[in-house]
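Mind looking over this structure? Questions follow.
In order of appearance the chains are A, B and C, and numbering begins at 1 in each one.
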Amino acid sequence: MRGAASLAGSAMFVAPLLALLAIWAIVVPLFEVNPRVFPSIGAVGGAALDSIRDGTLIAHIGASLLRVGLGTLIGIATAVPLGVAMGVSPTVAAFLTPLFRFFSVLAGIAWIPIATLWFGYGFGAIVFVIFNAVFFVVTYNTLLGVQTIPHTLRNAAWSLGAGRWAMLTEVLLPGALPNIVTGIRTGLGFAWRGLIAAEMIATNVGLGYMLFVARDFYRTEVIVFGMIVIGVLWLLIDRLILVRIERATIERWGMVRRA
Amino acid sequence: MKTLSLRNLGKTYFDPYAGAHVTAVHDVSLDVQQGEFVSVVGPSGCGKTTILNMIAGFIPHSKGEILLDGTPVNGPGPERGVVFQSFALFPWKTVLDNVGFGPKMRGVPKAERDRIARDYLALAGLSHAANRYPNELSGGMQQRVGVVRALANEPAVLLMDEPFAAVDAQTRMTLQEELTRIWQDRKPTVLFITHDVGEAVFLANRVVVLSKGRILDEVAVDLPRPRVWDQLVDDDEFKRLSAQVLQMVRAA
Amino acid sequence: MNLLLQMWGGYARMTRRWPALAAVIPFIPVVALWTIVAEAGLFPRAFFPGPADVVRSFVTLTYKGILPDYLQDSLIRLFVGASVGMALGVPLGILIGTSRWAHRICWPVLLFFQAIGDIAWLPILLIWFGFGLTTMTFVIVYTVLFPVVLNTVLGVESVPRDLGRAALCLGASRARVLWEVTLPGALPNIITGLRNGLGYGWRALIAVEMIVGTSGIGFMMFDARRAGSTVEIVLGMIILGLLWYVVDAWILAPLERATGERWGLVTS
């Protein structure tokens, strides 16, 4: 019963997308749309097969995911401890919040020019941009989160005999987690866009590059295929990783859920 | 003569999760005369809210008829005012604008509807709170606004679904006394739903006992008005009626 | 330690009286540190300009009129894009939030197109519309649209059902309920959506100006990159940061709080 219901739900979800595909399949041949303006489904399928067969798709996806993964990991690994540690003292946290807010406002794309100047075009600059997008947004959100922890909770931990370290790991980190998760989701959103933009500007492999080069040759079928790949990848990252983290932590604890 | 009459009213829900039909209201016939105050009591799940929602027009009925002054009702309308358990005040409107909402919908000009709203706020002793937002009021004050907002629209019937269930015991008693006072003053037709036997007897001219989607019995209440708790708690007739209704509800 | 405490006490008192100071003072040590590192010559000047260089470049560019022009271009693009995005997004969000059928049909499509992301549209937009204003506006509208739609839907769905019923039984028509109940009820979420949307839209604008642009702050920075002029890049970054900081912290965030708090609604 449950299984059938969820199957029906999935069908409901997929139906509009299939309808869209059908419209595409009908409209392009019907109006004889110029392939330089919009490709047919067949052409996109062909481009997909080609890029899979000659291994370029895997190379592009691999390069993009490696950059995002590495930048994000470094970003989170530095931002969370830093944010929580600064939160040990509420005064320090309050003092530093505007600073991190300023930098989180800049995070990502705005660093592309200077990153490419410092690191040259290529891997280093792009990972730096990603790291940057994640680092400042997550630190800022962690700081905010630490400040929203009720004082009574800190006092309760104190009176139960928590030392500074226990305070960090048992109260501040879990207390700030809703904000940290939000920060990661936002930061990764900026990072993903930053990645595509940076790859269009500053490299010769990756999904953004794949799209941008195809433009030079009016290969719309490659562009559309690349857009679909980018969309599907982000949906996977968001639904399979980010939403799950959110479910497992903040929703489970009955803390606020954000849009 | 504005009378509300329910003729063989029934409601069957379809529960999509269980994949089954649930009959919440089987067969209810009831007449409420103009200016009458009728309380409906019954155990939880006996279909009280369902009946009220059908009269209000929030949900369609599956069988029977709902007539207001001889004309069938469908969909919500201003001739049936509703007081909600959840208050349902518009948080973005001041108290004055909340009470003036009904007249505004009728196209009453601003100055006139402010006068109406102030008039009704005075009735509830809330003149001082006219320019506050609902969020800035206590629960008891919010429900006073809810009651006068419905009254200010001068509906033919006032429908109330456990309106005082969400306030504390002391406030509830005050609100009940106020409601009887307002009723005496304006004589609206009221259908009042509650699971609190004391409340039902205290307020009404007539108490209807509901059980599993059917009317079990009804009891006329001829207690003198104005009714105040200080006197009624020790009143033998009040005690007798309450005990009688309570017995019916427990047997239900 | 004691001195530090006293200084902190003074700072706390001062910022309580003039809250704007709390947003300024923390930057003083940062700028000082920046000056020291730059003056010490740890990095070559061309790579790592000091504050004085940036201020000088700011004065020169302002004097020449380049900076004000570029700034104006960027702001107008952002404003037009955001307005169009709101004008499309709010009605669409209300439709999806109130109609079950619209929700069923549009929701999956929305999620998918949101996932594609604004910047990935750039190559095909360049083919369709060329290097120009249409392309830029499209990207910004696209970026602003999704957060606005998704948050509006969330807002509409979070309006308690009894509020709509209350309006109906006070004599409001369906259209009136939309205007008197649904829209104000969803407003805090709509503003959140606008805030998120502008956050993304503004980044998209920078990217588009870098890739497509012939003017604008993004273009200025990328042009400076080609010329190897770090000063102008840093200047651009600071301007972008300040600008958004002002818009977000002094306009959008207070607006969001003002609607939500006075009404006692929960804002996300």
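Rule of thumb we're sticking to: a contact is a pair of C-beta atoms (placed from the backbone, for glycine too) under 8 Å apart; a residue touches a chain by one contact, two chains touch by 3 or more.
Everything quoted here is computed from the prediction, not taken from an experiment.
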Contact graph of the chains (line, ring, star, complete, other): line
Of A-C and B-C, whichever chain pair has more C-beta contact pairs: A-C
Centre distance in Å when chain A and chain B are each reduced to the mean of their C-alpha atoms: 52
Mean-CA-position distance for chain C and chain A (Å): 18
Distance between chain centroids, defined by C-alpha means - chain B, chain C (Å): 48
Contact set on chain C toward chain B in their complex: 160, 162-163, 165-173, 176, 180-181, 184-185, 187, 259, 262-265
Partner chain C, residues of chain A touching it in the complex: 12-17, 20, 36-37, 91, 94-96, 98-99, 101-103, 105-106, 108-114, 116-118, 189-190, 192-194, 196-197, 200-201, 207-208, 211-212, 214-215, 218, 220, 223-224, 226-228, 230-232, 234-235, 238, 256-259
Chain C-facing residues of chain B, complex: 56-58, 75-78, 80-82, 84, 86, 88-92, 101-102, 105-106, 133-136, 149-150, 153
Chain C residues within the chain A interface of the complex: 8, 11-12, 22-24, 26-27, 30, 47, 104-109, 111-113, 115-124, 126-128, 150-151, 154, 189, 192-193, 196, 200, 203-204, 206-207, 210-211, 221-222, 224-225, 228, 230, 233-234, 236-237, 240-241, 244-245, 248-249, 266, 268
